[in-house]
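Some structures are shown below for you to check.
Shared chain: subunit A. Partners: subunit B in the first complex, subunit C in the second.
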Partner chain A sequence: MAETVSNGIEQSTTAEPGFSLKNRLIGIARVSPTMAAGVLIVVAFGFMALFAEFLMPHDPVSAYHDRVLQPPSAEHWFGTDGNGMDVFSRVIYGAKFGFGIAIPAVLLAIVIGVPVGLIAGYRGGFLDEVLMRFFDGLRVFPSIILALAVVAATGQSLLNVVLVLGFLDSPVFARLVRSEVLALRSSVFVESAKAAGNPTWRILFIHLLPNAVQGAMAQTAVRAAWAVRISATLAFLGVGIQAPTPEWGAMIRQGAEFMVTGQWWVALFPGIALILLVFGLNLFGDGLQDLTDPRRRAAK
Partner chain B sequence: MTSPVLTVENLAKRFPTGRSGVFVNAVNGVDLTIAPGETLGMVGESGSGKSTIGRAVLRLTEPTEGKIIFDGRDITKIPEGQMRPLRRDMQMVFQDPWSALNPRMRIGDLIAEPMKLHLGLSKSERENKTVDLANRVHLRPEFLRRHSSDLSGGQLQRVCIARAIATNPKLIVLDEPTSSLDLSVRAEILDLLNEIREQTHAAMLFISHDLGTVKLISDRIVVLYLGSVVESARTDELFSNPAHPYSQSLLSAHLPADPAAKLERHVLKGEIPSPINLPSGCTFRTRCPVAKDFCEHEVPKPHHIGSAEHQANCLRIPDGGNRIAQTETA
Partner chain C sequence: MSFTRFLVRRTLTVIPLLLGVVFITFMLIRVGGLDPVGQLAGPTATQAEFDMIREELGLDKPLWQQFLIYTGNVMQGDLGESWLSNRPVLDDMLERAVISLELLFWGVGLGALIGIPVGLRAAFRPNGKFDQTTRVLSLLGFSIPTYWLGLVMIFVFFYLLDWAPPAIGRIGLMIFPPDTVTGSYLIDGLLAAEWEAAWSATTHLILPVICLAIVSAAPIIKQTRAIALEVLSSETVRYARACGLPERTVRKLVFRNSAVPILTFVGTEVTGLVGTMSLIEYVFAWGGLGQYGLNAIVRGDFTAVQGYVLALALFSVLVFLVVDIIVHLIEPRSELS
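After this line comes the complex of A and B, so read on.
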């Protein structure tokens, strides 16, 4: 499976001279145009997040008291909000929160989930039952309700939002890795590794891990999309991040009040940004899964 | 006489079937000894328990009964933590080289792995020894940077052999190392194994279903049937004077090198019985052309045939009725 996947990309990239980012993108675009579109969107938002300071025409949190709720204009492209802050600058700055929450949350989910999946799958038996039933328990609760409760209980901070999202999402990675390990643990190369004298930690992390993470890695972009969506939802509900922090969810909540009075721009633009980033991450993630799952590839 | 590298006493392995009280009797009371530097061939049909014995010897599967004594030490029950340093002296080569190597590791790292685990060499020493090992198994050094998907079956089996000899083990278990390879490659691998036998003086347990292969490499051969040893003898002795009816029929199925040689073929009737319900008495009696009524009631004990090293477990040896050819001409 691994070879065919990499070959799919390699053949199209090696046709181009060199391995520049541009050529890589062209390679991906040939295999999966929707994935290339997703990558482009995510890269654009990543660029926004990294260079927000240079892209913002105004300070995202300084209020112009004389320009409250102005419609879009040449000076304020996306208008101003109820505090007189520049919506365009705030939308750009919001990308920092999107990535700043999603990336560490997904990393944390991997750091927790992957080792648990490895150990549960390899050891099997009682330990497997206990770990997996506990993780099943986590999955039973609607994640937003659970995240709401935990963040509300542990205190309102960005760090708590990241920790809760990472913890709640770790079962996804544990399950994927576990199912791979279950299939691999009785394979000959694992027995061969044991016969050669490998200690258990080497069997888990040197021999099983590289062969078991592909499916889990293909999920990262989709899980990042989930984290962006849930963190924005939490902020919208006023948990974790509060206005006037330039976070999209918080901005949409603030803007929602003005929808009825006709000031649509306050909520619309952060909403579009949120939808675009989630959409881009999902396209990217779908492409990754198509590339790594032979059944999904065959269906195309 | 030097003490044996490996002694197996009354080894038995039963696998649970999922139904309580019902077991697959893969191995039923097997005794083996292997002297230092000796190559013992183990022949049997699929289902005869030969691979299970090979894996139990290395504690890759836990024996249900019996004793495994490696290099003077009883290793039957010692925990894996104590087993690990011993694995330096006991290595294994598997049947299918395509699946026996981690597909994500480079060939060089795979060959160096046992040294990394057991020998405590510096990185550069290890790299030098890896190149040496590649040369010894006739593998071109440029393959060391590749992955297993770039190599052919024969090349991969050379890698597995290099891994197995990297720590200079006292015993190498080879579980059908040639049966998944093309015929031409098979001969090369057997030549290589014979070369290594002479260079390293490692003892080998060579498992195969093919008598012809085992003949080319073994000093001694044990013949397995349904998880029991039915005959053991020096290689030439087994081929010139097979005592057990099962060995005789196996040999008659094996083509001699001389096409003019007269063939007496004894094709066994029926299938190997299920190891869940072993036949009573002699387990071979259901397919044995010379079986008598008493074979159903008595479990055969080993009989010495001529030399002390030649033993066969057949109830008809005392009355001389163990020869298939004799009964047919009579």
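After this line comes the complex of A and C, so read on.
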């Protein structure tokens, strides 16, 4: 097993001629079928998000007042909700929110976290100590509650949700990059770059960054899964994203009251979509971590 | 290092962390730019009333002074008053803490009871069928939104099958709760020999506990597997195998050597699950601390939010402390990190 895994790594990292993209994908699929399944799910949802306008049979926010709370039918595949809106169209449109929040949030977390980790690891000393203590302090708070409280306190808008998630997630990247930098700080290539007279920023971003960022990059899919989950949770509680918005969490909130009266379709379908996307991202992320972490690879 | 010395040193490390926690809690509301004065004064208040409330709350002072006052108040157990309940936040929370702890205890207990054996079994045969299946299942467990799972369970077991009672509160509406001894209706009911009450409390507990157990088992499975795999490839185990010890003895050894890291992980996980549990409480109208906190967040009761967030952080710090002490008792060699 170990052999096939290492072959898979080489296939996916070396750009030998003759290795087409297709072959590489097949290589990944062979090494880790679960990861391939994850990628497939994520791509499918990405497709849904991009082409939602063409895929939706109805407008996601126009209410049919004569068709309130109808069970799934040929006309409305997932039924209609309490406002008489088409649940199927809304579920498709919801993919836009999933990606629209997760991608910028994770990018923001990287943009904040990676430089902080680089500098903290390279400089060390007091700055590093203070930052790490601050991150330790943040870790004591459950992430969902912290995200909820900060969004509620700083103003409830979609932009704010993205900013708060990105900020709260940045320590993950900072920590990973920092520990890599600590290990690399006194290595020969850094020493020689220093001896050649490179300024600090060049050492950090040209020399250290490419070598220190791999572990952090492997986390992106898992962190995106986290962002999708948390943003839906916020919407479920009506914090940041409000109810008629075709966002999955907000839709589950709308459907909650109908669960005890038997109209299961309003909350069930957006929940399944949410699970599938998060599950896909987690499968993808799990595979990514296996590919990049030699310890996890060896364990298999 | 003697145990008392360890205890003292470990407890001292908590102090800077606590300061940081109080600081973050303080900033949480202050950075928001939301004005608690407007909330208290209402829409018809005059400028004079505004100023009066502002002064009363100490908001006219510079930020660092406010922080010192806040820290002082927190140390005296004064967390301010909730404007939703018009009562001290601390009283509100103390009343509800046991209710939440009961749910947390059963939920995580059941989760660990499922997760640890499953994780160990998966580790003994890495990449076997069992391992592959549980790996995908635990990732699925990671991905299910708790509140949705709770809603689906209510639909299936209350609406469709009519096995579960309506998801409101912790005991049937027509049943008198037993006298308070521990605060848990189940245990109090058993203590007072009020079987009907104890039974009703149990039926109300089942769904939320299962819900929490499913969510908590997933990471426990994953982590137990990883820990056991590491132990399996350690020199100790390889030596035991080389000596030809029977598989049963080897497994016992693996379990013994993974116990401490697994315990540490479950401890840290408990603190993270407090957030998840709040959502379960919210869906099942449990009436505990979690529901109180979420309600405060949703309704914008910021004194209560502050108190709630602080309480959760203190709980985490306490759990970490207790776990470290237990680990030290099991394995006195473990270093102070």
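Annotations for the structure displayed:
The rule is simple: the second predicted complex is superposed on the first by the 277 of 300 C-alpha atoms of A that agree within 3 Å, B and C clash if a C-alpha of one lies under 4 Å from a C-alpha of the other, contacts with A are read in each partner's own complex, and residues count from 1 in each chain.
By our rule, a contact is a pair of C-beta atoms (placed from the backbone, for glycine too) under 8 Å apart; a residue touches a chain by one contact, two chains touch by 3 or more.
Note that the coordinates shown come from a computational prediction; the quantities given were computed from them, not determined experimentally.
After superposition on subunit A, the partners subunit B and subunit C are accommodated together without colliding. When the two complexes are overlaid on their common chain A, residue A:Trp77 makes contact with neither subunit B nor subunit C.
Contacts of A:Asn211 after superposition on the shared chain: subunit B is touched, whereas subunit C is not. Angle at subunit A between subunit B and subunit C, computed from CA centres in the superposed arrangement: 100 degrees, to the nearest 10.
When subunit A is checked against subunit B and against subunit C, the one touching more of its residues turns out to be C.
In the superposition on chain A, A:Lys194 makes contact with subunit B only, while subunit C stays out of contact range.
Residue contacts after overlaying the shared chain place A:Tyr64 against neither subunit B nor subunit C.
Superposing the two structures on chain A brings subunit B to within 18 Å of subunit C, judged by their nearest Cα atoms.
Contact residues of subunit A toward subunit C in the complex are 1, 34, 133-134, 136-138, 140-146, 148-150, 152-155, 225, 229, 232-233, 236-239, 249, 252, 255-256, 259-262, 264, 267-268, 271, 274-275, 278-279, 282-283, 286, 296, 298-300. Across the complex, subunit B meets subunit A through its residues 55, 58, 60, 84-85, 87-88, 91-92, 94-96, 99-105, 113-114, 117-118, 149, 160, 163.
Partner subunit A is touched in their complex by these residues of subunit C: 16-17, 20-21, 23-24, 28-29, 31-34, 126-127, 135-136, 139-140, 142-145, 147-148, 151-152, 154-155, 158-159, 166-167, 226, 229-230, 233, 271-276, 278-279, 282-283, 293-294, 297-298, 300, 302, 305, 308-309, 312-313, 316-317, 320.
Note for the complex: subunit A touches subunit B at residues 2-3, 187-189, 191-199, 202, 206-207, 210-211.
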